[in-house]
Each structure stands twice: as C-alpha cells, then as structure tokens.
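Given below, in the form of structure tokens, are the structures.
In what comes next, chain A is part of two complexes: it sits with chain B in the first one and with chain C in the second one.
Our next item is the complex of A and B:
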C-alpha cells in the first residue's frame, strides 16, 4: 500500500481539528492527486460554462463581430421567437416520450436476460450492438430504413396493410422517427446498466418469495422494482441528460426539418452558433439548457433521492 | 479487483520518458521534411457519390507536378459543415489556406474580412484572357460588392430535370392520347403538370409511381429556378432588395402546392439525399436535382434516362449552384501563392474535365469541352451536356450577408406551405419579412 492514502479520522480521543493539522502534509499530498483532474475539469467544463454564461449577455454575431454587452436582449429575442418555443416543446416531447419506454423495456429485458442461462451472451450482444455502432453509421442506416418508397420499414408496414408514412420527410412523423431510432440506439446501454444493478439484488429474497407462493410478476413488482431503485435513479438522470443532448442523429437525418418539426435545443444551439453565426443567441440557449438540466437533476434527487431503498436490510 | 499500483518510481519514469520520446518522434516524422510549402485545403462534397477519392487523386497528381508543395486535403462534410469548419478555423485564428465553400456564403466571408482578392493573381495570368476560359454564368457569384474577384469556380452545377425514358415509353399510349410526345421531356410548366399527372401510377390509395419529385432540403435553390423561369427572382443582385413576395413567385409556389397537395403527383418534401435513389429505384418518372448527382445515376441506373432543361414558363432560367475556391487572409504569402497554383491546376482544362466526368459537375473551363477525351465521353453520355447548355439561361445565385438565416427562413416557410400548414401567400409574406430582418441584422 502507498503510505498516506486516505486515513480518515474515525472517533478516538484526539480532537478533529488537531488531527487534521497533524496530518496536513499528507492531506495536501492527497489533494495534489486531484490537481490534474481538476485542472482539466476547470479548463474544459467550468470555464466554458462561465464564458458562455457571460456571452449570453452579449451581442455577438456576423454583423457585430466583437462581443458587446446587451443585457438580456438575447433572452428577450428568444422569448419572442416562435421557433424557440417550438424547439422547447420538441425537446420536452422527445425526452418524455422516449425515456419511460426505454427505461421500462430496458429493465424488462435485463430481467429476462438475467433469468436466462442458455444463450445469455447472445441476447446481451444482440440488444447491445446498436450502442456499439457509431452514431453516424446508424443514422445513415436509418435514413434508408425510413426511405418512403424503398425503405424496409414502409415495405413492412404495407405488407401488414398499414399506410406508408413519410417519416423523415413529414413534419408529423419526423420527431417520431428520431425517437424510435434513439430508442433502438439507447436501449442496450440502459439494459446493461440494469443488468449490473440486478446483480446486487439478494437472490435469497426471490427464493423466499417463491416459497411464499408469489408469481413472476409479483416477485418482480415487490422485489426487483424497488431494489433497483438506485440504478433507476441513475438511469433516469443519465437518460434525461442524454436525450436532452441528442444531436448527431438530428444533424445527420433531418437537420431539424421539415419546418423545424424535429429541431431540439442542442441542434438549435448548433444552428444558431455555427450556421447563423449568432454566438450571443447560441450562448443564451446554452445557459437555458444548463439551467434546465440542473433544475431537473435537483428536482429528481429531491423527489426520489431520499425515498430510494438502497439495501434490503 | 486489485487496484493498479505502480511497482516503483523508476519504471514509472521509464514509461513516461519513452512515451514522451515516442510523441516527439511521431511529431517529427509526421511532417514530411521535403515539402517547402504546406497548404491546407478544406472541401465539401455536396452530392451523392464517392468523390473524396477523386479529390485525393487530383491532389496527388498536383503534388507530383509541383514537388515543392504539399497539399493536405481536408474533407469537411457537406456545404454547411464545411462553412462551419472554415468559420471555426477563422475564429480560432488558424484559417485554412484554401477552401471551397457554397457560393452564397461569399458575402458572409467578406463580412468577416476573411479572404484575399484574387485580382493580382489573375492579372499576372493575363487578366481577362484568363477569365475568358471560364463560363460567365459561373463567375457571377465570384465578385464582391467592391468589384474585386474573390473566388474561382470549381464544383459548379445547376438543377436540371432528369427523366426516366422507360417510364415515358411505358405510358406512351396515354401520353399520346393527351397530345403529348412520349419521346421528349416536358418543356413548359403546363406540360410538366400534364406529364406528371399521366405518369403517376396509383394502386388503391397508395402511389406506386410518382410523376415527379421536387425534393426538399435544397428546395430554396430549386424555387429560385422557378422564380427565374417566371421572370422574377428572390433577392436582387445588390444583396439587399428582397423580392420574395412578388406575384410571379407566388404563382410558382402555387404550382408546387398544386402538384403536391391537390394532384398528389409529387411527394411532399422528399429528403434531398435519398431522392436520387428514388429515381434510380424507379419510384419517380422525373426529378429535379443537381447536375452533381449525375455520375451516380449514370453508374447505377438500370434504365434509359435523359436530362433536360428545367421547363420554362415565361422563359428558361436557373440559378447556378455549387462551390468556389477561396484563398484566405492571415497566412504566409508563400502559402497564398501555392494555393493559387493549386487553383490554377484544378481549373486547367484536362483536370476540370476529369473532375466533370467523375462527378457530373459542369466543367468550369470551356476548353475542357475541346479535349478529345471529353468529347468521346459526351458522345456516350449526351446528358452531361445539358447542364452546360443550360448555362445560357443561368443567373448568379442569390447572395446576401447572413445567408444561412435567409436560407433557413426560406426552407421553413416553403416546407410549411408544401405541407399545407400555411397558404402560399402567408408563407411568402412570412419568409419575405424574416429575410428583410435578417439582412438588416434585426
């Protein structure tokens, strides 16, 4: 063992502060280990956040090429812009519609795989492989799947006598097309996390329930669902953040169209920053996104954090 | 799991040292020492097809002929992505030496004071004589408001009408009954509507074959062509006067809405990049598309097809499209000179001709068409001459500062009208106002 790796004061007679002072050289040494990590975190995360927050109060675009303080002008502009509200609506729609089915099915598949011994690896791989495909390749694949006349999806639909849809080319379906694709892409990832979470559930509980005569659904409703609570909390927060940040597939498949029907906040930031070259507006949008994500994370922790059962004792 | 603990200080130091050594060595060897000048060349690929390999081949050829210059071609994505990369590089103070961007971006680049005027180079090459080799239609988008020339045409196109001859023949009886010739494409808007109607095949409530596809995505560009055909335009050459809501434009948009919403002979907003596949796959009898898609169709279509001028209404007319070369400010003079050499090479008759054959773009150099190789090729594929001949009726594409905002306003409102969410009048009014605001920087 390396000397001086965390020896936390635990009770004992010496007053807390005194002990810390005695240990201070070692303590500093411990902090030193954090420096490289903190350095990059500051440089690439916290500083840019502060910089973009400052920029969101500046006018900075093609027509005024130097940042100029303008108060809340950018936010007001967004407030009065229809597209902004449409984008917010799309973002929340995307998140709410895609998260819960993803989480639920990920858990169900994880349970099924967990209970199955034969061919287990095969099932894991077949559900997990979409996560491994690069997003760019997956997006192009789905562009062809969604192709209205030649794509496999519409051909299958019409075999069942269902109407062919315009998918990416129609403002009614474009966001659904993206949600389905994102669902396919993320399911395996969350399934794997749930599968790991399930390994922490005490098997004896199932045996006890089985002896008590509980059926499959009952066992999982009463044991699995509550006990994967911590995992669900993690999955929920990661899923919210991931889905709020969806970008690649939108960029590659619809460019937010038709008529902004599939435009979501991160793509809108990108559009404003790198297509319209309005960095002030783009920064204001970034600030809004950060605030929303922060608020949602705190809200979820506040709501569920304390109620979650961490162990089965 | 056991934590990983390094055994001792020395081995750690050894690892670090060797890592640093490898890094330094890699840096040293990654730059070929023999090249005197290195230039970075950003280019987009705006149409379907494996054009990256073609560009790399041309760059190799150039390096062979100019041993002192090392060109690093950077494939930067589609037109939008390329402009963003250029933009980001400019902001980072590390401009590319040479880039091809979409022609409408010229004013935005000028606004950022990013490019050098090319007049001195052109003077040195013989001034007007040098420019005389280029098609005038393509040079219209190369000049800034100060009258200086900032771009040299490279991958240039116009939209044209592709038509599936087999499908026309299959419907010959019906076409003849309607007084139409099945051996030629429509020449006017009125004919276009008639042909499209007859060529649409329905089965129950499903459309098995469309008469026509006017794709989405770049429909602003094709709409500009319709505006020209009706004797109007979208933004005047000054880049400030917006004429979007003219009655002629309204008539054009109404025609589109009629084709898509009322007659349903043309699918609504078919995505741009899969439209050629629809044509190749026999989903549609006609399509409006860039000439840049021709190489792919030539190589993969298993039926007889033709290319034709876009039908006229009051007149034939089309905007040009594509990308120009630009040389940037803030780089050493030697690099600018090398970049100019590269431009000269790429627009030479034989090279521009080769590029045209491989990609389907129009060769920007008139002399390409005098080469035996090119003439032989055109004998086999007379479709390739259509875009060149259409240049007689070509106008410069609209240009303005904030072009991307304008384009977005156009596509958003066109999309809304074509999906029936706004009336054509509302859509044009809304776009008109948004574009005026964008130009004024509101």
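Our next item is the complex of A and C:
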C-alpha cells in the first residue's frame, strides 16, 4: 500500500481519514473547552479515587510507614472486625431512616408552599434557614437542645410528664438524635429542590383533575408524585450520597459514641486514618464507600430512570 | 336542559374588577363563543362557570340551579384546556378514563365510554400511547375525548385550538362543529380569534375590559356593530375608521373628512339626519371598498381617490393600503387589480354598508343612538 494515499471506501464517498481531517479543527476545539474542567476533575476526583483504591490493597500504618502491597488483607481485617459491621449497620440505618421521611416531608412542604398557603415566605425562610447555618454552629445548637439537664428537649418532655433522656450519651438514642438533627438540617434544601421541580408541573393538570372530581390528596397522588419523578430521582441520589457522607455532626456531637453506637462509615474512615493512623484500612473503607455509592446510584437509575415521566416531553 | 345564565356577575382580583356585570343567558344546545382581546375577562368568565374561580358578585345558573357554591365536579360540565392538560404519565385510555374512575363508574362502563369517544374522534388506535407520542392535533382530540366521555350538560373550551398550526386549526374547527352537531349539548367556547368566533359560534359574545360589548348572531354583530370596539374587532382585515363630520348640503347629507366627501345613502339619511353638524367616526370595511375598474354601476360621488402605499396580494384578493388625507385606509380589492405602488387609485365605497360612530367614548354606533 502506498503511504499517504487514503484508502477509498467501496462505492466512493469521502474517505474516513479525509472526513476526520475536515471535521477535526472544530471537533478538537470543542473538546478543548472540556480540558480545564476535566483537568481538575481528574486531579481532585479520579486520581484520588485511584490512589485510594490502590492504597486499600496496601499495608500502610505506623508499623509500616511505607505502603506495602498486601492484597485483600485490609478488606479481610474489616470483614472480621465487629466494629466494621456495626458501622455499616449504622450507616445504612442512618440513610434509610433519614432519607424517606426527609424526602416525603420536603415534598409535602414544597406542595403546601407551592399552593401559596398563607405565610408562604415565612415557611420558606424557616425551613431553609437550617441549611444556611454552618454545621459546626448547628451541631452546638443541637448539643444544647439534647443536653440532659439544661436541654430544651428534655425540659419539654418533662413538661408532658415524660422521662428525661440522655440523648447523645445513650447508645439507644444517640443515632436517633443525629438523624433528627440531620433531618432538620437537610429538609429545607430538599424542599427547595422540590419547589423548583413543582414549577415544571403544568397548573392546568390540577385544574383538569379538580374538575374531574379529584380531591387534594388524589390530585397530588395522581399528578404531583409521578410528575416530580425526575426531581425525586435527583433528591434520592443526592440524599443517599449526602447521608452516607455525614461526618461533621458526628465528630462534633458524639464522636461516634457511645460505644460506636453512632459511628458511621466516614467517621470510621477518619478514625482509622487520623486517630489510629492506619491509612491502608482507611483507604479500604473509602473504596467500600465508593463502591456502595456507585452501586446504589446505578441501581436507582436502573430501577427508576426509564419509568420516570419527564413533564417537558 | 342546560341553559346557562349569568346574573350580573362580577369578578374581583383585589381592587381590580376583571369581569363587570356579566349578564347573559345561554340557551340549551347553543354554541356560544366568548371572544375578545387578551385580558378582556373571557377566560375568567369561563373559569367562574367551571368553578375554578369564585364569583365575587352575582349568580351563575346551570340547568336552573345556582352553582356558585357547587363543586366543579357536581356542575355537570367538562372543560377542554388551552394546553390540553393531558396527564403526561398516563396513556390516552387512562387520560380519558380518569374522570370516570373518580366518579366510581364500573370498569365495563368506563371501557365502553372511552372506546365510543375514541371512535367518534378517530383515535381508537392511539389508546395505548402516551401524550408525548401524539401530535398536537391528536392531543387535542384526546383532550376533547376526555371531556365527552363524561357526557356533561355543558362543554367548556378555553382557547383549545390556539396551540395548533393554521391548517390544523381550520380542520379542528370543523371537527368541533361536527361534534356539537352530533352531541347536541351546550358549548361555551373562549377564543381571542375573531375568525374562530365568527365561523363557530351560533351566538358570539364580544368582551372588552371585563364587559360585554355586544352579543348576538355572528352575522348580526358583523353587519350592525353596536360600537367602534366591536366594529374594529370583528372582521378581518379590520374596519377602517376615519374622523369625519356630518354635513347637510342642498338637502343631502354628506360625510366629510380629511381627503374625502361621501354621500349618506338615501336609506340612511333619516337615521343620521339628527346628528348633522356633529363630529363622528366614519367606518367602512375593507371588503366594502371596490376597485373602480371592477364595478359596472356606481354612484359617482362615492368614489375616493388616494395614493397606494402598500400592496399585499393574498391570492384570492389583494389588500391595499392607501393614504387618504393623513389616514391610512385598507381596502380588499379584486386580485386582478391594476393598482401600483405610489400611483393613485379610485375606490368605490359601498355606502349602504357604511357605519357612523359617536366621537366620544365608548363610541356607540349612531344607528343605536
């Protein structure tokens, strides 16, 4: 074959190589726009994931200051460690118990606000305000609320003749206390996303259903819930990721205690990495977290992605 | 029987009076079109009838029953919305069945009604599709289908064809009319399109600024508009209005204005004589101005001469814009006209079709004064 002579496809037409040459300047220019974003994504997301995944197969702690390949040793250690299973149980419990009430109430509040209830602005501000407060301040506030003797919550409980609880100090209640606080912190954020999602639902649909005889509940069951599907999918995935990543409030309010009763995966990563200085184990935990999040995201998209009705269709 | 009676109905939004003293009786089985420009209150009136807006003052009766406090579902009405309002996540079948399910109809009855309506509207093959898989015209049919399965006493249409292209709109216009003929129910239809109003309504109600300006048969409204608003709104191209004065000369009555002097025809002299000396608006429709070349006999005094400013050939006729004095006048003349841009043309005004309106607002017709 002669070098430099493009092979002409059978039946004529423009050879592929010539087509590429024709299109390439614009094509490459378009790709160039992605370079800065891709560079930082690669540097701060993909490379750390790859680095951490590689580290999770290495022994790297105070006794072994240089990373040393050890296969799946770190994962086996975790597998055989009771605390790991407690942490996993706590993490899934935290996610499951906090997400669905948050999503449901966020949607209900968004619907009420969208229907222009009286004091609409007040509701928006009061529900969204916790999202704006720094987590450290919010944690301190809730430490006070949960305080056994001076705390507002116990004072209220005792007014109703109920026993005072050591909210953060008891292994029975500590995770619940954190879930309630996280629910309070996230509700406004998800409510706002739902409120935006509701703007895409055509008002005439509600009027048509109203004339058809659908009551408030039926209207929302038949129209709102299915049509905010894309928003719910987004909220669900974001909520799962955010909730799996809870750290600040745990660090500030319970330090995972008492007795690891409120310890969750990210705090456990922190403990292993920065308290026990076992970076190999911390990396293995990080890899597990990434795999869980990836799996859940793909599962949710697989289950619901195609069933969702996009109102703009 | 489902007469619809509006008794002095007002609708307020805060301080703003959107519908003022709407007082009208719609007889059973008639096709009534509410027409007017945007913001005239026509949709608000329909929505009050549907129960989507509360009536501020007055009463609305459907079939002899005051419905002000009656829930929309119990008013025996069905509404077709401007944007179809089809549930995007439901199939066509479910969209049509939804209202019946809410009314707890039994499944075989729902099925029978849906299939019957689908057959009438020729959408039987679309029942398993979702709205996004339908064209605009098909969506419109489904929206109508959803209304007819209910077999209501009154159908309400809120600008249902405004999202369709021109050709499809003409086609759907005919289909809605055929449907009315077939169903024999009262239809109240809102539109801003006066051609739709003229072609569809057995009665039309022209509204402006929340008030009824005139109501009646389309041809009556066209021939005898009560005021300048109606005269200008109904008819396309719109009627020409020229400032003028009624003058008497040698026993005859003349209309004089900038660049023209036209005789009042003998049939109308008695009518307008009491107004001589008054300033008024002279109204003549573009289709009542003829190119002199195409008229065999005409009254020589009814000829106006003016310069052609614009020629718009439409095919079956030509629209001319001519400069008469300082005013621009539109004429709809024969498609073979020899009118040329910048040249003078002679037009004959059919003075039997002329109108005169008082110069003071609300510019009532001098016929009705």
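Just so it is clear, the second predicted complex is superposed on the first by the 288 of 313 C-alpha atoms of A that agree within 3 Å, B and C clash if a C-alpha of one lies under 4 Å from a C-alpha of the other, contacts with A are read in each partner's own complex, and residues count from 1 in each chain.
Here is the rule we go by: a residue touches a chain if its C-beta (ideal position, glycine included) is under 8 Å from a C-beta of that chain, and two chains touch if they have at least 3 such contacts.
This structure is a prediction, so every number in the text was calculated from the model and none was measured.
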When the two structures are superposed on chain A, do chain B and chain C clash or fit side by side? fit
When the two structures are overlaid on chain A, which partner does A:275 contact: first (chain B), second (chain C), both, or neither? first
More chain A residues in contact - chain B or chain C: B
With the two complexes superposed on chain A, say which partner A:173 touches: chain B (first), chain C (second), both, or neither. neither
So, A:144: does it touch chain B (first), chain C (second), both, or neither? first
Could you say whether A:53 touches chain B, chain C, both of them, or neither, answering first, second, both or neither? neither
Under the stated touch criterion, which partner chain does A:204 make contact with: chain B (first), chain C (second), both, or neither? second
Please indicate which partner A:214 is in contact with in the superposed arrangement: first for chain B, second for chain C, both, or neither. second
Smallest separation of CA atoms, chain C relative to chain B, angstrom: 24
The chain A residues in contact with chain B across the complex are 1-2, 61-65, 83, 143-144, 147-150, 158, 163-164, 166, 168-171, 254-255, 257-260, 271, 274-278
Please give the residue numbers of chain A that touch chain C in the complex, ascending. 202, 204-205, 207-214, 218, 222-223, 226-227, 229, 309-311, 313
In the complex formed with chain A, which residues of chain B make contact? 5, 80, 83-84, 87-88, 108, 111-112, 205-206, 216-217, 267-271, 273-274, 277-278, 281, 283, 401-402, 404-405, 408, 411-413, 415-416, 419, 421, 441
Given the complex with chain A, which residues does chain C contribute to the contact? 50-52, 71-73, 77-79, 81-85, 87-89, 98-99, 102-103, 130-132, 146
